[in-house]
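What follows is subunit A paired twice: with subunit B in the first complex and subunit C in the second.
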Partner chain A sequence: MNLRSLASKSLKNRRSTAILTIVSIAVSVVLLLGVEKVRVNAKSSFANTISGTDLIVGARSGSIQLLLYSVFRIGSATNNITWESYQDIAQQKGVKWTIPISLGDSHRGFRVMGTSRDYFSVYQYGEKRRLKFSSGTQFEAVFDAVIGSEVANALNYAIGDQVIISHGTGSTSFAQHKDKPFVISGVLEHTGTPVDRTIHVSLAGIEAMHVNWQGAVKKRKASKALTEANLQPESITAFLVGLDSKVVSFKMQRYINEYSSEPLLAIFPGIALHELWSLMSVAEKALLIISLFVVLASLTGMLAVSLAGLNERRREVAILRSVGASHWHIMGLLITETVLLTISGILLGLILLYSGIWLAQPIIEKNYGLFIPITAPNIRELGMVCMLLAASFIVGLVPAYRAYRNSLADGMSIRS
Partner chain B sequence: MKSFKSIPVTVASLMLTLPFYHAIASELDAHEHGSASLDIAIDTNTIEMRFESPAVNIVGFEYATDDDQQLLLIQLAKNNLSNFDAVFQLVGDASCQTVESSANWVTKHEEDDHEEGHEEAPASEHAEFIAEYQLTCKHVDYLTAIDVNLFEFFPDISDLDVQVIYSGGQIKQELDASNTLIRLAK
Partner chain C sequence: MIESASKSTIIGLKEVDFAWHAKANLTIKSGNLCVEEHEHVFIRGASGSGKSTLLNIIGGIVTPQRGQVEIVGQDFCQLKELQRDRLRADHIGFIFQQFNLIPYLSILENVTLPCRFSKLRRANAIERSGSVVEEAVYLLSRLYSKGRCSFHLTTSELSVGQQQRVAAARALIGQPQLIIADEPTSSLDYDAREAFMDLLFDEIKLSGSTLLYVSHDPTHQHLFNRVVDISAINPQQETDL
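Moving on to the complex of A and B:
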């Protein structure tokens, strides 16, 4: 009988403690790898959200705040920027394109973003990918709306459906623009970015729905024809800038940051994202440290269980010795036992992790906009698992040594 | 298990304090003694660079002077700074030529965000060195890194905040005397 089957049979005999040990290791594996998966995917999903944009311009605040509200629809702007300033900067030499962004309204928890038609042709995400329509087209009329794939899925909307937009960004709002419903003209393909959770309308549409609608109190009266010409917005929330050449990037940033008629802030999205990561790295490290301590706790638990079991197993050890097992056999048996427990724990942990991801995937995507794909463990994760195995081997040495010492001292006699 | 309780607490307090520290540090970037900034923009065979540093890092003082020796120091610093090949080294076979380089002493009147608080001087004066470079390259894509020698010339610069905008992305890196290489990953 080899060591492995002997170890597993011995473990079977102590089923309940073995199962508990496996579960505690499994939980630590889920935590360790789960944190890693969320961390890596959060990073890549953030990094993939914007591409090809040279500058983001908003009211003067913090660079991370501007990045979060303009691109990720997290938080809100402290101030708006005037249409005149926007037009002035958009017409500067060296500016290739601009995309205005107007935020502040929502529809059933999804943010509504006013923008120009250029958005659909110029905006890039991931590796310079452009937005595509899965059905319909961009907005043509003032009250047309283009929705992201997740809005379409979650609310079961299709082209031609009407959307009533609420004032403010809560999921329930009492101030609704009921008199001016929008009609869905297009649905975008899935991008894995906040675009999926956004309802896009024209800037004119945003203006139009607020015409005759002041201070959250509706004034019911016949409104005159709403055409784009008389619906030029007074202000926008932020705008994205593409430049002719990257060489002028810093000059343009300085020009905007020192813009005299209005306090503005221009940021480089890549650099702001980098600043965000350096903030987040503290939390990331904290999570990693906590999960490492959980691993440590479960290994300590396993050690305690196997040390406590040793006394009860003196007879087992003695019998094995009597049938010819050497000291090395006994040590090998105990080390094999801990490694077997850890391997089972890791396997159970992986099963729990992947079924957990599978179950939670849609919920996480809907609530946090974070898509966690089911992918094989990467090298870093495999490394963590191997470290855990190595640690369990070392932990196994402790009871093995004790059993070795005991078997020398005890021989066949059993002290009562 | 008791000791585990304190770990999340310590970590949580770290999480609370560090971001604030960071925010303050970047707020004062405008004029922070010991710290300097370098902006590099690269596109279609042109490289533009701008180096900004409080004058105290470069010559050891910031006040207007007519002392001959100090004026000489300023002139020497200008000469060193405007010599691109002395203060920077391009890595990779990009075949670049310096088209323009300049280094200037610029005085800034700042009464608000002042870090050191010289109370005896009511309208305190800050001076900076601003150096600008423009290069044209035959093969800018072959440029793999830029080595910064500024720390050798001006040991009072303790950290250099570098921002690079190029085809590979927008990157930010902090250099110091022991870490002087800006890597440009493709």
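Moving on to the complex of A and C:
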């Protein structure tokens, strides 16, 4: 006896309610797995933002704040680091390299970061991957700029285009450095990190921009010749440190944290990333709980539909009993139906999820910098799907038991 | 009336008491019935006299609180539920008053349904016609004397009379030993009723099955070997169903 074909024919007969049930399960699957995919990819994208850097140093504030502004270009620093302190630390024994970071300006919503040329050779992300140029080279002249791939795509910029940088970090600014346009010298390859959304200029460039400016206001006085030699910055926002050996990292952290000339903070990027992620885990859990409730709602919907239809199916059950179906067959039929509905819902959900990812991939990447690859469901996602199937089996037991009770009471004739 | 069971007894009920619920009054009290092989028995009784309950007991759907139920030589009360289900699937074909067919299955699928549950009936059908579907087509073509309709149609497109013919074909497929008909003609008009009874009797005679026919309407009782009043089977009926 093939219960599956009987169950699928029965469902086909009630196709409108069956389709609605399948759609509601599909939506819950999309939500459940979608949230999971976003969570996993956001987490790995977070963890991949920076690698190979042993310490991040900034003015004393909170470790997460320092991580956010120095690596993610979110928020801003409360204070700067003097050039002297930076130079002093950079020359300490055990320090292999340093990359200065100077933030505070922007161009059409994208952050501008002043840095040194070393940035392009030592900065690493993901699995110790280095930055590569898709076209052009690093900045040579004071007013050269290197842009991330997303900046190039979003603003349709290419080598040789001019960029006018605005004072401040808002997407609209009334104080623009129109007098000193930068020229794009290079475009970086896609990294999937905040680098893609950054315009890199030299520290001298940052200084040059602000010559004749006081605060956010431009002064009228003409400037002298702008060369790198006379554009040494007085301060920077933060700097990244690479050490000769991991062994000295705690010692170096303590040295910086206890630095006497000015209050500084050195953080381990891995630990700060972890702290930041745990800060976000509340939202992550809330999302998961919401999607679980959506799953619960769709299963309850399926149960309601199944129970509501049961009374109309008493005759069908009586006929099946009369031709020799046992109670187990009847229960099996109803459970098979709910499981078939759930499997169809899961399949439809997966189709919707993957086509949704395929469609939304560029939009999400453009707007949120999060790349969601189309990959097969991982073990955890498969586990979620299996749990959904198991839950539908349990839900199927309810109408199955009711049908069993009905058929006990009805026999082969409907007794109302 | 107590009748003794012989070797060829198809139905043997002895002193059967049955109530649908523990607290309810007995629907069948001291019920006795004996039907032998190849007999065509008409059971006559008003509605509410316990006819449907009797058929549920004979079909092994319910078990009586007391007494003995022997069907095709086996004591139902000694069998487990699954064994009773199998016995019913193998040996009994049912035709109900109405709503006999499963709406989401085609005519052919409805007729072949018992062969999904009974290996014996499947084997019988294959032996006689080569395949279950061939046997179903054969039975349907005999019952639909005026040309064949498409047996792949759904049953919702059939008239009540046609539905009853499909139900008869389903009861007969795989040659079960016992055919139980519960007022099969009550929803048919006169012509359809007569035609249906003729077809039913032809097929029953051809298959050699035993027929237990239950009705409140005595019109067709002359066609049967024996007429039993429900009061003879259930002499102390106390309550309506």
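Criterion: the second predicted complex is superposed on the first by the 406 of 416 C-alpha atoms of A that agree within 3 Å, B and C clash if a C-alpha of one lies under 4 Å from a C-alpha of the other, contacts with A are read in each partner's own complex, and residues count from 1 in each chain.
Quick note on the criterion: contacts are C-beta pairs under 8 Å (C-beta built on N, C-alpha and C of every residue); 3 or more make two chains touch, one makes a residue touch a chain.
All of these numbers come straight from a predicted model, not from anything done at the bench.
For the composite obtained by overlaying on subunit A, subunit B and subunit C can both be accommodated side by side without a clash. Once the two complexes are overlaid on the shared chain, A:I394 sits clear of subunit B and of subunit C alike. In the superposition on chain A, A:L279 makes contact with subunit B only, while subunit C stays out of contact range. In the superposed model, A:S249 lies in contact with subunit B only, and not with subunit C.
The superposed model places subunit B and subunit C at 110 degrees from each other around the C-alpha centre of subunit A, with the value given to the nearest 10. When both complexes are overlaid on chain A, the residue A:N13 reaches subunit C alone and has no touch with subunit B. By the touch criterion defined above, A:N2 lies against subunit C but remains apart from subunit B after alignment on the C-alpha atoms of chain A. When the shared chain is aligned, no partner comes close enough to touch A:A360: not subunit B, not subunit C.
Once the two complexes are laid over each other on the shared chain, residue contacts for A:I319 go to subunit C alone; subunit B is not touched. Look at A:H327: by the touch rule set out above, it reaches subunit C but stays clear of subunit B. Taking every C-alpha of subunit B against every C-alpha of subunit C after the fit on chain A, the minimum distance is 34 Å. Within subunit A, no residue touches subunit B in one complex and subunit C in the other.
Remark: subunit B residues 1, 4, 7-8, 11-12, 14-15, 18-19, 22-23, 26, 39, 41-44, 46-48, 50, 163, 165-167, 169-172 touch subunit A in the complex.
Residue ranges of subunit C in contact with subunit A, taken from their complex: 20, 52-53, 55-56, 59, 61-62, 81-82, 85-86, 88-90, 94, 96, 99-105, 109, 113-114, 116-118, 170, 182, 241. Subunit A contributes residues 1-2, 6, 9-10, 12-13, 315-316, 319-329, 409, 411-413, 415 to its touches with subunit C in the complex.
Within the complex formed with subunit B, the residues of subunit A that make contact are 54, 62, 245-250, 268-271, 274-275, 278-279, 282-283, 286, 289-290, 293, 297.
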